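Each of the next two complexes has chain A plus one other chain: chain B in the first, chain C in the second.
The block that comes next holds the complex of A and B.
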């Protein structure tokens, strides 16, 4: 029980990290980035090859991978998403799915569809704390996730840039009138959102086996975590992720591992029906 | 109906119906046409809620799969003929749509899209788990009876071609009627501007619910014909996300919200799918087929949102 609770918490932290960028892109630009998972997947390959070919420890890549993925995100923003900013249309959702498919199949062509795992010196270590097994990699991932959510929330709340992002999110036109360049702010925000995908991929790869479809297959959890936390809320997405992780591990321990995701879908439907703005979302925004 | 449409449409349908009579034709080609017709049918069904109603369902695989499993289950378990089973299957699909709609249609469109993704993946997981009823990963095979019209089973693909053709023509006529009907006009009003539609007295929620249920029932019929043709269904084919994405191609390529669009788009999409399958096999590149799908989808959405029909209409509209 306690074991399931703790591993759920740790896993949930990474789910939260995964979902934060997804939620941020929606909160600021009303963009549902279905390709978010594909970007996480690309970060995983990046870190994997940096380790196997160049011997760079995954922990260092926490700083490098987000930059690379943010660069990719910026290209995608300018090429595809820029024209959809501010309205979630059918076309935008389809464009995002198409983009995810393209990234995923490019990865299949480049890296082959086989599933791999990164084996480094500390990835499979376990520590025993008070009778509970803790995976070293999962604990590090959780710590990184907490640092990230704190940093992003602080940046959004207290820096000029963060305030500009929130201003553009609230009302892009009004923000432009008072001298903000909404396009530049959005580009930066999308870079931040995809950079978070880069961090998520980096910590995930240290203990999670991966293949080109891993990003897509993790997207449902990101969707659920984001809806639970309130679509658009970064901190909410993190907490939503933790709830998902705990529910999943508890179901797995008490019922059946194959059905570990099922209560999550139920939870999603209940939230959509009765509380679509989530635990922390603002009702006015919806 | 204009005489030109009648001639072109009727001529095309007749030509397709006569294909099995070409002397010495390889039944592979007939199977490809059956596949194309199923593809078109799914596109026509999806078009009702997505094209006319503007609601992006990414979970249409659920209706396809539930109907296919229902018919197979009724036949294997209770010997109920698929001709009866198909009504149960369509009703189940529609009922499921109403349940999903009940949970999601009161909030904004984006939640609907998210919910449908999650639901279809949830169904896939359950189908893989309930091995006793669904056959798990391996899938469920329909008991084979040889050529048995009462069981909707035939040794050759030709009867399926005719059945599918009747359904496609029926769906086409239905869509044409729907576009002009009160319900169709309400759906289009909801798609174009929900607030304006509500302000002019359209019950937005009820309109979406009815449109979604109709679309789901149509998808269910396609699922029944699919399972009878292949006599097997598995969780990936039924509920997989790829299936849900494929369903969108015909209407998107052909032209969202038009009656003829899914037919044109489905024909183009099947050629595309055959070509990429061939290419993926020849080049031994895994992922090549998905890449083509993604690129085409992205290209259509970004550069030709009105599809082939939009292109044809623009051409007709420009003065010569």
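The block that comes next holds the complex of A and C.
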């Protein structure tokens, strides 16, 4: 039970990191980026090949892969999403799903549909702490996730850029009127959101088997974590991710691994029905 | 010196002509009131001057520079400041942060920190700096919107019904702030207002819009005597 709880917490940290990016794009631009999972998948392949072909340790890629994924995200924003900013329309959602499928298909062509796993020197090591097995990879992933969450929260709260992102999230037109270049802020925020997907992919690949469809398979978690945490609440999405991880692992340990996602969907329905603004939903505009 | 020039401005929404060949200039340091009945085109004119809405035909000049196609954030950086008819504060930011977001882009010289402090003091908001907009009264929210609009470099302040819905004392307090900005900081003021005592107390010149056209332009004394204005907007009672 304690083992499941700790495993859930560690996995949930990465879910939270991944969900934060998804929530940020929604919170600032009202974009439901269904291709967010595909960004995680691309980061996983990037780190995998950087390790297997060039011998670059995944820990170094924590710095490099997010930059590459953020750059890709910026191109995607300009090419696809910019015209939908501020409007969660069916067209936007369909465009995001299509984009995710295109990236997934391209990955299948480039890397084959085969499932892979990265075997590095420390990824499969465990330590025993008070009767609980801790995976090095999961512990490092969790630590990276917590550091990223703290950094993002600090940036959003205390930097000029962060304040501008929060202002644009509240009211892009009003932000423009007071001197903020909302388009530039959106581009940067989307880059940050996809960069977080890059970090999630980088740490996840050290212990999580992957293939081209892994991104889509992660998307329900991002949706559920975002709803639990509160739409648009970046810190809330992180906590939502942790809840998802713990519920999944506890269900797997106490009930059946095949049913591990079932309580999550139940939780989603309960929140949508009785607390649609989640645990830390945004204040309404005044 | 001309601060704002509106030249042959027209705007249609489908078949509806909202503005028809509007022409006027605002001199540096003026306080101009823009009045007219509902649907006259005042808000549309404000939106176009501020850059939130594209002009149909015509041209807008700020300080001699053509800004007709310039995005709103660039107009703000030139010194054009405005409020919204319906208050639109950043709900998830504190009072100080609301002002700070604007000051970061508009404060020159002494910097954003100094501009925020100065603005908080001027609008009597220092004690509320950590509060969020939903914790403020209507008068405080209106003061905050003006504060956010004018912080930093502000050369033209456009107020869209910022003084409506207030008590007499609250209104007097804001009128005093606007007068001080005009007198002490040389800020040109353009206001849209339905509350005639406020307009009369502040404006030195009035422009009357009706069906998207300027029907009168003059001092408040001339405007209240103008038969076209009385018929279209003020009614016979205004002459009394």
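Simple rule for what comes next: the second predicted complex is superposed on the first by the 283 of 286 C-alpha atoms of A that agree within 3 Å, B and C clash if a C-alpha of one lies under 4 Å from a C-alpha of the other, contacts with A are read in each partner's own complex, and residues count from 1 in each chain.
The working rule: a residue touches a chain if its C-beta (ideal position, glycine included) is under 8 Å from a C-beta of that chain, and two chains touch if they have at least 3 such contacts.
All figures in this text were calculated on a predicted structure; none of them were measured in a lab.
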Q: Based on the superposed arrangement, let me know which partner A:216 touches: chain B (first), chain C (second), both, or neither?
A: first
Q: Using the superposition on chain A described above, determine whether A:258 touches chain B (first), chain C (second), both, or neither.
A: first
Q.
In this superposition, which partner touches a larger number of chain A residues, chain B or chain C?
A. B
(Q) By the touch definition at the top of the document, which applies to A:160: first (chain B), second (chain C), both, or neither? (A) second
**Q.** Contact residues common to both interfaces of chain A (with chain B and with chain C)
**A.** 286
(Q) If we count contacts the way the header does, which residues on chain C are in touch with chain A in the complex? (A) 50-52, 71-73, 76-77, 82, 84, 87-93, 97-98, 100-102, 104-106, 112, 132-134, 141, 148-149, 152
Q) Taking the complex as given, what residues does chain B use to touch chain A? A) 50, 54, 56, 58, 102-104, 106-111, 113-115, 117-119, 121-122, 125-126, 128-129, 241, 245, 248, 252, 256, 285-291, 293-295, 297-298, 301-302, 305
Q) In the complex formed with chain B, which residues of chain A make contact? A) 26, 32, 80, 83, 88, 90-91, 93-95, 97-102, 104-109, 112-113, 212, 216, 219-220, 223-224, 227, 231, 256, 258-259, 261-262, 265, 268-269, 272-273, 276, 286
Q) chain C touches which residues of chain A in the complex? A) 160, 163-164, 166-167, 169-171, 173-182, 282-286
